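Just dropping this structure here.
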Amino acid sequence: MTSWPMFVSTVTLLARGALVSLWLAAASTAAGTVLAVLLMAPAFSRIGLGRSAYRVFVWVVRGTPVLVQALLIFYALPALDLQTGPYIAGVIVLTLYLGALIAEVIRGGVLAIPRPQWDSARSLGLPPIALLRRVVAPLVIRYSLPAYVNVCVMAVKASSVLSIISVWELTFAAREIIERTLAVFSVLGLAAGFYFVMCFGIDRLGRRVEARLALRGFAGGRA
Amino acid sequence: MRSTLRRLAGSLAVLVLLLSTLATAVAQEKSRLDIVLERGKLIVAALSPTPPFAFTDDKGQLVGFDIDIAHLVAEALFKDPSKVEFVVVNSEGRWPAIESGRADMGVGGTTTYPDRAIRVAFTRPFIDSGISILVTKKSGIKSLADLNNEKNTVANLNNPQMADRAKKFFPKAKVLTFDTPSAEFLAVQSGRANALQIDTAVAEYFANTSKDQFDVLPQMLTPSQNNGIFMKPGDFKWWLFLDTTVGELRSGSWYPKYVEVYQKWFGKNPPPQKFYVPQ
Amino acid sequence: MLKFERWLEVYGPSYLDGLGWTAVVALVAAVAAIAWGTALLAVRLQGGRWGGRAVDAYVQLLRNIPVLVPIYIIYFGFPLIGLVWPAVVCGGLALVLQNGAYISEIFRGAYQAIDHVQFDSAKSIGLSHWHTFRKVTMPQVIVYSLPALGNQVVLLLKDTSLLSAITVAELTMHAKLLTEQTGAAYEAFVVVAVLYLALVGVFEVAFGLAGRAVRWP
């Protein structure tokens, strides 16, 4: 950084980029969570086809790099003729990816509920919706929270992949600046700083929420 | 017998109904021109950073010669040059952005080649171009013959035309392929490559950033080439509008606006609008 | 739209080239990352308080930044300080640094699962720290971490696609070049996706077999 004004303009640009990355991560995590909850229906369905469809979806999304999925959706879907901007397309890509990850997290949470709990819950004679709301959901949330927070952090990191398709976010902003000014270490260092603050912050926030929600000796809380 | 006739009449009626809806659907397929006019805003794919054609300044704003041309197109459409939205793309993302309908047209130092014209349509050129080589003074390369040596590494853009020229003019040199011109320049500045291949105006822009470090080889790799606006092919109405606008900019009623933009980015006058009209 | 047989006929060799690069880079980086993770574990165990803190700081740093950032720093930045390494080396190094951090955490978890009585017995028969580490600690750590290690290696394999951003001619780069040349983005990327799935499958099977080999002596 050779001058104060240049430093200020760089930090401003990077900060704006960081906000875009955060927005991308947040929007796709929210949409991904909705998708994941919807995916629980086929995941646990009695129809074998439903369960296989779920497993195939998760296998494909987790077995291919995010970049390839992004390139496929950005470059290869003219058939849909969606006049969506790059941000919506980016959210779609991340939603599919995070949706699969979160679905596995929630599924893991459901499977972690000990058998005795299921039996006692059922013996209460509650209708299925109440069962879900009052017994299953609170347990699943507490069991999956650490892994879910992990996925939130992954969402922020995955947003940087979108820079390769010229989506303007933090990594793209950093690249633009270093291609203009050659200040590779300082600009990328600052960008790393922004990412660190975001990811570390989400992780700490997640831990606080976990601690708040933990039911001592029952569910949640860290070993 | 009568029921068969009735059935035949019925199916004929359905067929006529279907065909008529199809015909109206086909007739109503809109030209991109109408879509843009209705939308009230032009969406342009810009190959950036390709200075001085399209790049971002230190406020993060997209600027450049091609960007200003896009603003002029918006002025022609809406009488308001600001009604443009830009979508930044890299070298390989240019074509999908147009083909998928995400952008109405594209700019950014894009040269017209016949094999490209199979996939995208070009207007007539809004600026002449050509391909030059930028070298570092340190490398001691003074000509294309010097360049053709295993010791040299040349930065290219990832398109087939550049790859062909590399094979033709400097097959012995090593080639690195990047997705934007400024990435090529970064490679040269950092020492990863000692030369790069790009449009002449871009090479000159880069060389001017540091005259004692960089040079542009006098020999061009191509004859004079045409940079134009590109768009999805098949839409005659849209192409005609854009091509007419470019024609008027270059040699007709909007020549003064063209001169203004040209002066702003190249510091000199553009070619005369017609050889027989005195400047 | 889907003229796959023709497509594979013409561009198959190009894909195989990219596939080869991806597999080689992933393998070499995986081995190096495991070695680096082992080194980090050693520093944590033998380095006292500061060793542990240093490794923690390193791991926290690399976990909370996207892997593209170290890739760009090494590729674009190192030449500025005189280190001009080939793109493959730069990208591979970034992958090793990042995945090594995760692997050292996996190893740490596995280490805590080992019965520490063993270390006392090792000391009592006069084994040095280094000897204990090599012959007692690491073998068990590796065995306990195999599933998580396999997972991490798969992640590393997928991250090699990011190396296409710094001109490495692996699978994703080939797909991008093919798209640029032919416009057939759909065919180009679907084939690449299938190839990645196949590679991931191969790695998973390999780790599964390794897991079984060490569980049933």
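A, B and C label the chains in the order they appear, each numbered from 1.
In this section, contacts are C-beta pairs under 8 Å (C-beta built on N, C-alpha and C of every residue); 3 or more make two chains touch, one makes a residue touch a chain.
Treat the numbers as computed from the prediction; the structure is a model and nothing was measured.
**Q** Give the chain pair, either B-C or A-C, that is connected by more C-beta contacts.
**A** Between the chain pairs A-C and B-C, A-C carries more contacts.
**Q** So which chain is the furthest away from chain A, centre to centre on CA atoms?
**A** Centroid comparison gives B as the farthest chain from chain A.
**Q** State, to the nearest whole Å, the distance from the C-alpha centre of chain A to the C-alpha centre of chain B.
**A** Centres of chain A and chain B (C-alpha means) sit 36 Å apart.
**Q** Can you work out the whole-Å distance between the CA centroids of chain A and chain C?
**A** That pair's centroid distance is 22 Å.
**Q** So what's the Cα centroid distance for chain B and chain C, whole Å?
**A** Comparing mean C-alpha positions, chain C is 39 Å from chain B.
**Q** Scan chain A for residues touching two or more other chains and write them down.
**A** 75-77, 175, 178, 182, 184
**Q** Please output the residue numbers of chain B that touch at least 2 other chains, ranges allowed.
**A** As it turns out, chain B has residues touching two or more other chains at 92, 96, 99, 186, 190.
**Q** In chain C, which residues are in touch with two or more of the other chains?
**A** 76-77, 80, 165, 176, 179, 185, in rising order.
**Q** Contact residues on chain C for chain B in the complex?
**A** 76-77, 79-80, 82, 84, 87, 165, 167, 176-177, 179-181, 183, 185
**Q** Would you pull the chain A residues touching chain B in the complex into a rising list?
**A** Residues in contact with chain B: 6, 9-10, 13, 16, 74-78, 81-86, 89, 165-166, 168, 173, 175-180, 182, 184.
**Q** Quick one: in the complex, what on chain C touches chain A?
**A** The contact residues of chain C facing chain A are 1, 60-61, 63-69, 72-73, 76-77, 80, 158-162, 164-165, 172, 175-176, 179, 185-186, 188-190, 192-193, 196-197, 200-201.
**Q** Can you list the residues on chain B that touch chain A in the complex?
**A** Touching chain A: residues 48-49, 55-56, 58-60, 87-90, 92-93, 96, 99-102, 180, 182-183, 185-186, 189-190 of chain B.
**Q** State the interface residues of chain B toward chain C in the complex, per the touch definition above.
**A** Touching chain C: residues 91-92, 95-96, 99, 119, 158-160, 176-179, 186, 190-192 of chain B.
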